[in-house]
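Each remark here refers to the structure printed beneath this line.
When the chains are written out, they are named A, B, C, D, E and F in that same order, and each has its own residue count from 1.
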């Protein structure tokens, strides 16, 4: 089982427990155990789908006899009214799993859809749109997957797997008389040789030290377009260039046009609008 | 410790682990262990605050020496630029806890702020604005708390603690020749006497059976305003009346004016826009 | 899998671990791995059965090759000598699961049997016999299930899902000049509209305030029979009436005859006498 | 922290979660956060106390500001009306912890009290009264502790730490032409030298093989008094002698008088009658 | 599932999570999902195998479609170049499970191989070679199994299941005027009758008290060969005799020749040299 | 609390539970609860220390009243007889924590000591000695810490945080007509820009493609010394150069002299010899 699928199974298990600590009193008392149902997940608006594994996990964990078919691929674009999956099995289980399946598929499809709009906005530029650590607590692996489903790419996973030296870090060292270049050299000598080192700079002038210290990526934070262009020119391919801050669907194309390599967008995950998906249930003949 | 606080501590613990499975390589290699920092959480837009416990938990779990002061009360309204809390302690810990504290406070304040707008829109009507089960997996207790912080009220917590007989439930029974009134009587006789029974109806005519069956609450789903008024009149105080479906900030006042008791709003939690809060860090002199 | 079954699986898993943290040294060293056994669970006294899921879980978790057949339904009455289930499979597993299967089936059948006696004692009265929160720590879902298997009904599940305002709660408020009716109105306005509110009263005179406050259920605690009758008359159908305190198999019929709706009996679960069940093992030919 | 105390803390934590998955809605909505209460645990019948650690854990886990004083020692005998502990602190916490503290203290005191009656019945005989594996799932460490508090002793903890070769085990081997003595020799050679080997025999004649095989303890199962005496004489101090089966408060003295070393009594834990203890709450002046 | 197998599954699960918290980025991005591979675990040096269950668990947990065949039995001796198992299935899974399977099989085979050398060194003496509590944290059940696979035997599992009264314990009591014999008698009277009591002595003279107190096993710690012989003679079969301290492959035969029953060797597990095993992968045609 | 310290606490907690599932029967029955002890951890051979946090955690978790003083710093070299820490507190706790503290400190000091010997062997060369994924399951964070304490550096933490494209990976792609350079470019385009890409090559000729594909590190696996020199020259600073395979204390200096940047040594952690440390206990006056 892939690490992503394992994460989905874990999230779904916790969500089901949260949603019914001692059972679904409505279904258990109203619906006969032997009643079956068929249902469809239907799009009430257009978008890009993500979360198929969550749909499968929600219904299968509730009742392993439930069958999910016609599940569209993650990353597929769909229009209003599209059927995204069919669910068939014991009615109690279908009703029990519905809310959790939708809660996750709506959110993840929301992430994928928004990401796809950013990616489309920079199409042809060669720039990659990436996420940030502004993810929902507990859902990072799922939301990062949804970003990829929408055509985006991921930034570092966590604080453990890559360095991001921000202004605050550098300020602490500056206060002790240690410059950026020296700080980066120290990092390089104590970290694994496999650890990527990214540095945030707020002004064009800071780029020199970042380059001197051997940064792998230089993040230009909240730079005006002209400054982005100047930064790209100054770096000249010696480091990956990331733009960050103030990125919207309106501004992203212009930012991409400055020649940066990567644009990171916190909004991809920090303000997820649930896509409007519904479950239409039919009794099985 | 209250159940809410316990939930916050648990969510924060998982979020910190997710955000740094084997430590914060940047801070640990760049920031001296003995360096201190002071920081402020500052509002970059106005809103209603929620998530103080998450801020405390994030920093205290990272380093118990960190002190949080001047934390505004949950439910307080604030303007752009307001300082919502001050954080003081070891710089490594302050930098380590920042993202998790913000990720939670931004989301919960987003929920509280949106809720407050709905509540304001129905002010004076006596109607209560309530949440739904469309919460973020894993965060239900936190988001429900934020709804209350914004002046809203909660619906049932889960599938376990109250009945909500929806159209699909009733359709299954109808197919077996069992009417709504009879179904509700059966529920009443098998459930604990403490279990509240709510029924969803889609048309005014269904209200008769719901009343006959002794429903505690009747939910009028996607009713036009005129139908809502007719439903309220028909029920005549014999059950709580809940309106649901198609509720927006534009429509909510008119819905409230129909005389319903409760309006449930999925958007309070299913599409949380993170409020823009930032952490301004200063080195301690 | 139903919430009850999940709870059973969890309890059995913990019980098996507790009973053999590093294996069953007797069976593993004495019994050949390939030896099979058949066994029967036999009643050494009469009663009402509960715990079939625990029997299945105990043997299946130990060895998935074990087959359980002829398992009597939960809620079935049986006489001395009755065979309640047959177990067939690897001898090591049968011997390993025996104690845990019996420990649970004996207790749950004990609960069901006692409950059935209370239910029989009030037969025809229309009164429901319900349990309380005096359950064995960790086994609440199982014991509540056994109460239902014995023909009883359940009270609220926990402190989270319904209000029970007891004398102590009301006394605190009285000390602040807040009467019962006012307290109940405050509860109603802040709790979800789906939360049932029950109030305990110790004297007939307190009933007026409970009714005025809109209590859903009024519990008459330790009332004499005459007072119960007076209380029932006074309430007049405006709230559910629960009798509690001093309920025994000798007194329960007279209490039921007073016209109360519900009688709660702590003894159903607080003092479980294990029913005498045994496992007769035979080697498989 | 002792292993017993750790087990108590774990059981209490699970019990509190089970009893209020999302808080105590009554206390949280009715009782002011700043109200204090004092309370006493009072005996409504006489007995022997056990469970002091559970009382402490229940209240301290709920609110660390609660103070428990005048807690009687485990193993103390007390009369009706005795005060077993005083609890003082925030009223919400006192009300929240009450049921869990009592549920455990009542059960454990029930075990201790029953054990003490068995021990008293054999006083002067030098025989030890011991428990069995017929404990409540999840509570073995607590119930075994209560047996000791009542003056009893413990048998092996689990299937992992000592051998008990029962008739079924031996029958499997007999079917393969392996006698008891040979079976015991095989056990001895493959088990750790520290593993105690006990054999169950159903007839006096089986004792010879048990002795020949070098059993450490021989359990005489369901022996008549005369046979017990014969068995004791035959064994002649070469193994510990345990009597089991059909032991009641009426028969235990006669069994003890046969000269056996140990009498195991399943009833000590398999049918715990909760001792009647109550919590009298007073508001703090 | 045996307790050993359950422990293996648990250790493997944790190891896989530790080795790839959010997936194997190399295989997932480089290897097509549909590519299959066959592989062999090959011995690069001779030894005794242990850890077959770990090999199975590692690959099966990663992908249940992987098949393990030709797995040699635990306890088998093998030469350089021997194939110990064949693995066949999806290439991603084979590559993902490789390191964990080898990490465990190499260590456990290292334990088995070293144990076998000790056992061979005392062959014919009737002495048993046993392990100690000097096991790798978290791996005790696995390493004890490997000792048995190598022909050794186990000592007590833990501090819970048998007494080992060491010099420090006895010194504390001596300081209070309590001698060894009296201390052992006290232990005997308060412990379960199934608890084996072992005493450590440092000088021949201490043996008298140990015998008088009724020790089940007497451990002669760091005794010279002559003293071991004297101890054995003095004990004369009244207790099991264990030798401990300074045991090496060079000295163990001479120690065994003194007539002791058991020799405990910490080195079996405290300094595990991983046996050199490799995984040769081939693409499946 | 640092991520390392949290890992230590977790490992120690599991180890204590494993070592005494239901308490330390020897100490609890022999040692008076009020007896105190002082003890010293003493080196029985020279080495480099690691594991101070494990010593603290073992004793503090057992009894928070135990005080650890004079603990030498991780990374300190010491001679035979050196006192590495003093422990003072309740005797039961000191005896209970001893084995776990030593089991961990001995292993971690073994890792640090061996690492220090490798580091010393390449002193002055500027080469870094790094660990591998051949760590003990469950102890990776601790063993990697010990490598650093010994003066070594770490390689990637896991399969999740950096790419290592081995011969098997590349062979799969080659079979599909995809060369190494193309494979690396594909990796680069789909992975986060922060992911370091390392490629293993077995022959000098493969280096060209690795360079062409833009590898960050090129690992020369089992190269002869001359080939290492040739590889270093060919790479010419365009990638980090790692040597691996056949590294021993005898060969490491010559390997370092070839000009490689990094030498990875599996033996640092796969065959940990426990350093001989003991706990000398004294009763407190």
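Everything that follows uses one rule, which is that a residue touches a chain if its C-beta (ideal position, glycine included) is under 8 Å from a C-beta of that chain, and two chains touch if they have at least 3 such contacts.
Bear in mind that the values here come from a model prediction, so they are computed numbers and not experimental data.
With centres defined by CA atoms alone, the chain at the far end from chain B is E.
Of all residue numbers seen at the chain B-chain D contact, under half occur in both copies; the interface is built from largely non-matching residues. Each chain gets a centre from the mean of its Cα atoms; the one farthest from the centre of chain C is F.
Our note on geometry: chain A versus chain D, Cα centroid distance of 53 Å, whole angstroms.
We define each chain's centre as the mean of its Cα atoms; on that basis chain D and chain E are separated by 33 Å. Within chain F, residues 3, 20-24, 157, 160-162, 190, 195 each touch two or more of the remaining chains. If you check the complex, the residues on chain C that touch chain A are 1-4, 7, 141, 157.
Within the complex formed with chain C, the residues of chain A that make contact are 20-24, 28, 62-63. Chain F meets chain E in the complex at residues 11-12, 14-15, 18-27, 29-32, 35, 37, 91, 95-96, 99-100, 102-104, 106-107, 110, 133-140, 158-166, 168-169, 171-173, 175-176, 183, 186-187, 190-191, 195, 270-274, 281, 283. The touching residues of chain B, counted against chain C in their complex, run 3, 128, 130, 153-157, 160-162, 190, 192-196, 198, 216-217, 240, 242, 261-262.
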